[in-house]
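These notes open a run of structures that come right after.
Here subunit A shows up in two complexes: once beside subunit B, once beside subunit C.
Now for the complex of A and B:
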């Protein structure tokens, strides 16, 4: 033990996913002193490894009424409080000749009873408003689906928590739970940056570790049976569809195509995996085959569209029965008060649910914390906008006054990503306006802003904040430029080379399952640049 | 999965996904070299297209700075149609309507018809300095520019009066797409073409009715009209090529490039049936000579030092080799090679006040090369390159066909095939 921090927080929240960040925001807004700890970075678990779909709830309407009703409510709240993270694209539930059209009326009725607005469209009309849709469709229902950027959403919650006084520690992994008789009083953390152990204390410890919460509960000596179900997705190089496309049938493999930012993605598969495999997110060839085969049924254009990467995430569902697919488990929220459940006070677990209901989960968890601490404050997270989402007087179309300027792209992109916070990014200077990431339009000024304001430890964090390296070239041109900027502003320049190698390795991991066609040309070119020109060796990692 | 399942659906005709971001196109962009306000072909083309698919507000009016020289496409190792992506984005997303000026510059045949009728009046007026300053102020046509002179008698009129009756005396026949410039401004080039083809044993015919190829309409955003004219021309070409088995040749590299390569991509007008038989005059002649079907005899006393400028569209077609090889066949020619560079005019682009500086900046390295080459005159296949070089250097510019016509010994050439 190197350090003993004397300060005791009201709450320590374990986990920097949407739920953890949302809970930190809610607690901080209600006046509690908050410490959030995360082993890697914000949104590295299931939060950042899904469709980025702003569910209307329609998908669950038939099978899980409660989840569907929660979804539509939160959907409308997020449009209000997080408009810079949300794209209001709408969605279609299409019926193909191989599907049973009678499911449509059952579906529409279920949506209605959950409070989800639907509109049955003529297939011809559907083809007109969404030209990418499979032209063979025999039915279409429009629902208020959309897209949400989970990285931005989580970071906005974390930022707002910080504005309200919360302390955020990334790269801090929980290695132990400090107990005093039947009470949890603190956590032991390993600081990956400095390679040292630290201890922090609080009145309440919140386990918001998602699927890893199983292990954290273990450390506290209580048992939660998580149900790890792996889901794989494919990212396509550009937007094929304007609206979210779903199949109008019971949920199955690869039946959602979501347009999100510059790309679109298809998913997911579902496969039960052993708990010790939750950090091994490998996408198999079989998964890729299923995703492509089913994906083209939604939009045949996908056959001719370049695939950028494949990735997988683990659904943090709490095991309730022996369902082999994991799909009929409710995505409902699980809030465990371990004092009542296991006789262990000072420790609660918030899990289950889904990205869409993170705010509601945070609200329920914070209500319980406040009750335990006898704090009488109402939740305001559904009314107050997240930083960046305040109503802007400048829409994207007039984000920049200059007409003839290359900087146009970077300024519009920054506005698109950071909402009104983009005003903190300097512009107008030729150097600052020039692009680091050409695919996604990330300027030098935006990278600097992210490094200074958005908790960036390394290049991979920077990617989640700005989309550096998320475009078609997957880091080919931007990784070295971003590394140079990060190196300039941090004292630890010696690590820059390893960081760059790590970043490229992480990009490569996602491309490996889909290496063919244009993708493999691009990868070859990237390796020429980094191995050939810069002399970066794989063993730098 | 069977292959047939994939074929009917192709999402991106412009294959921008094949871009591997190598940035070679950006290095070859002549605009970017002189005007940093232009984001360059990679950013405007494949990169920008992804952003525009996300939100059309990402369309940037700076795409209007593109010359459409297509040098980026020539440079691209993956065959991405960068220039087409930019042109299509302008067509699809630009909210700025074409101005009166753009209509005047783009409607080469309507304006040409009127101007050539009143040529003795129009020519001196548009050349007057006060008039040019007024056009500069009101129409934003740069006052440095001098409009090409309009001819008193159109090429078509000349052809009908003096040439048409003799053309059926020949055994072999071609149709001639003369284009607006030859018709309204420079009939001599058409006359030279008729002279050479007749000497080579070919009768020259006009199409039933040709319309302007539409290149200026496309670049000025007048797409509906361009499409109408394209359809008309394809039909007229078919009557010659398919019905009468007569290939169509042209002396304008830009017209023939537009008809062969821009109609299907940019206007969606199919040209499969006529494309292979639509030819540039120099290439047609070279291939006849190369296959032993034709021999040209040149005057012994013809002696000139010339430099050939490769127009951008010739670069894109890959055809400048035919024109230069023909010129080199003339024994008295001292041939100077120029580094292939854009002259900067790009049709109507350089006439616009806002582009004048960029236009001249792009052309400067070429002008310097020509000035220092000590040639009698320069040669090129493109009419607008000719105006630009003549305005910006002290040298005159001739079309290769006119040079051939000048150097050709007609009687000796005719004798070879008449015996």
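Now for the complex of A and C:
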């Protein structure tokens, strides 16, 4: 995919999350030569492990005016440039009998001053427009929240970076930073696919590694004080709510229920964890208890809704430089110019922030890069649409239409997922139209498109690109079909079997904390098929 | 309504038990909620395939070292030795021809191209004597275009280890044009229906002969004979070289046929099969189960002298797990499983999962326990029994067949 890779670039960006991909896009659009490196796959860190909430900013309005204002601005930009990744669902901030209703007016005022449109609704009316809401509510405020698919958003940024000439390398982990006196001039990478070391050089190296940026900074010999905060979420088996449901009170645990695609999810908890645990994310029973207890308060229907999966992400919180204890933590954007801060030139870090502000973070980072490279070009990422969203005749009503009927389920779903890029997915042929994943309507053609065009190395990557195996059956039957297609394209059958085993283990990790009821029935069935009938083992090859 | 025996569960063990009892003149009813594990039947019944991950050569001998709590030990080695002879005969009388020996496992080829030890294999499939060799050197793997539930590349990869030179060929037939037009219809049962009647099989066999020219053996997905017997055998007769069928992703065509034949046998013997009905509760008196009530029969109670619970494991809803506890949902029987829900699961998917061992608690005579006391006329058989990880051992079908025959013998005593 990346032919004629050069060894020298203007910029190397470390990290394939939303920020890294966004920065790659911005830099490439401003004419810089760009290399993006990612140790696993796009959106595997905090980017892909959150609510997928298109914040209106209302959540922060009372406590953090600046974040709220940033959010609503970026919210409106994303609706324009990434409409195929966004569902304009709107949100409700509800007041329950146990909450203080007087907070509502303070909340509405704060939203107003941040530029967030609000509408106070009569509780009766709120129950009518959102039937899943807790019927005991005593107040409701409508805000322009929405849902955003972080996998699609990140991939669209990466694709656009590629269209503008950037080179993207996934499965490439930074193992060292090449320095010349007080200047960073390159990175040492380990290619996990080929199991080999490679070096690339650039004028500027950007550390966009999220929480892992702490370690990358270490490799460069500078110190950033990061405090990992784990946030756990639960995914439910179907879409209970139409609108995003929030509690109208100061932000707390498990008080947001976000609908997205075919599911909805509740989160998050928040817990400081030691840095050495960031690659070992697990959701505890206690987390699950809190999430269910609080989630049911937003929508009582969750009591009877099957939980598909639990997962956790790590927020990259950065301590102020003068506060090593981490008591004064910023949730805002942190852009560090290590030349000024540490006397180390050629190296910058962009971290903190949120998924919502990834574009702004990328813009700030790219502005700094351009300044350092004396490139005088304006940022255009807020105006130019991402690939898949560029056509104005692609109405949002189609992108968010969730009624799948008839024989063209796969075409509708593909359009939903890839926006106008769905035209690159062939259709009309019976074979290509065959469904690989029935839960999510993924066809052979879409799988092939993802394998050929979207940097897919394995089944787990494919899941992020197409939603294969993300539905109710959690990959029970489709995993094997998809593995076979992957195997066809890579011609490495042995690897595909290992891949299948890894995929099942990865799914299992997410099911472990919530496996009871139908979950345990499904997993027993899956085990019998793959291990019993197929004879699959983790060490087949 | 009064019967001699009522069996709760219409899967492999319920039907085996029902057939055995009906053959001996008992007036039997089976209450079945619907599909069972036979619907994902691989084509073989295992007795004991593995101990500690190692292939078992002689299951009858290996059974002796299983723990005392294992269902086989509870049936007793002597009984097992007798029942392993009886089981294939009972299946044979139902029109299901199985072959294999209890004192020497043979091997079958899985859809991953791996040789797996097993006990009895239905005549659709091929039995192999060795697990380190494949009898042919040049094989063609055939698949229907657009059929995603048979993975030719995995088979090819597996056969590489046996030094087999393989080629994969896909082909289309006009009979499948209609089902292929709908993206979710190209599944094994729909393919099988095409071959169940008419001339499609002849045309197909001709095609197979053409495509397999120059090869010693043909590998195909097992999609033959859904409602009709002998389709697979007819195909083999028409093809001019050996045909090896491999299981496809469930539902399993030979599995559904087996279920139909077993049910037919039971009904022909005078048994009553209540399909789509669910037992909701039981009436107990003096440590006996007097009657059960079902969803479809409302307040008409079903009474019997003896009852058999053969309701299956978790996926058949024979055992239910909530967040806090395990329970037996039909009659509220005692469970043999860990009360601490944190201990049910292992974090590695492929490890020996504790929950797989759980089931209904019984005394040594397979009487169900309720509140610690045996119910004199309620027996438990099949995968609803605890005490073994049938998946890891390769003992699922064996436990179903042998415990249900054993329980039938207790009833007939």
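Heads up, the rule we're going with is that the second predicted complex is superposed on the first by the 502 of 541 C-alpha atoms of A that agree within 3 Å, B and C clash if a C-alpha of one lies under 4 Å from a C-alpha of the other, contacts with A are read in each partner's own complex, and residues count from 1 in each chain.
Heads up, the rule we're going with is that contacts are C-beta pairs under 8 Å (C-beta built on N, C-alpha and C of every residue); 3 or more make two chains touch, one makes a residue touch a chain.
Everything quoted here is computed from the prediction, not taken from an experiment.
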{"item": "Partner chain in contact with A:501 - subunit B first, subunit C second, else both or neither", "value": "second"}
{"item": "Touched partner set for A:219, first subunit B, second subunit C, both or neither", "value": "neither"}
{"item": "Contacts of A:534 with subunit B and subunit C, given as first, second, both or neither", "value": "second"}
{"item": "Contacts of A:525 with subunit B and subunit C, given as first, second, both or neither", "value": "both"}
{"item": "Subunit B versus subunit C as contact partner of A:443, first or second or both or neither", "value": "second"}
{"item": "Contacts of A:120 with subunit B and subunit C, given as first, second, both or neither", "value": "neither"}
{"item": "Partner chain(s) touched by A:515 [first = subunit B, second = subunit C, both, neither]", "value": "second"}
{"item": "Touching partner for A:477 - first (subunit B), second (subunit C), both, neither", "value": "both"}
{"item": "Intersection of the subunit A residues that touch subunit B with those that touch subunit C", "value": "409, 430, 435, 438, 477, 521-522, 525"}
{"item": "Complex contact set, residues of subunit C against subunit A", "value": "37, 40, 42, 110-112, 114, 116, 145-146, 148-149, 151-154, 156-157, 177, 180-184, 186, 247, 249-250, 313-315, 317, 320-323, 341-342, 344-345, 347-350, 353, 355-356, 391, 394, 396"}
{"item": "For the subunit A and subunit C complex, residues of the former touching the latter", "value": "285, 407, 409-410, 430-431, 433-436, 438, 443-444, 477, 480-481, 483-484, 487-488, 493-494, 496-497, 501, 504-505, 507-509, 512, 515-517, 520-522, 524-525, 527-529, 531-538, 540"}
{"item": "Subunit A residues within the subunit B interface of the complex", "value": "132, 237-240, 259, 261-262, 293, 300-306, 396-397, 399, 403-406, 408-409, 412-413, 416, 430, 435, 438-439, 441, 471-473, 476-477, 518, 521-522, 525"}
{"item": "Subunit B to subunit A touching residues, read off their complex", "value": "1, 5-6, 8-12, 16-23, 36-40, 42-43, 46-51, 53-55, 57-58, 60-62, 65, 78"}
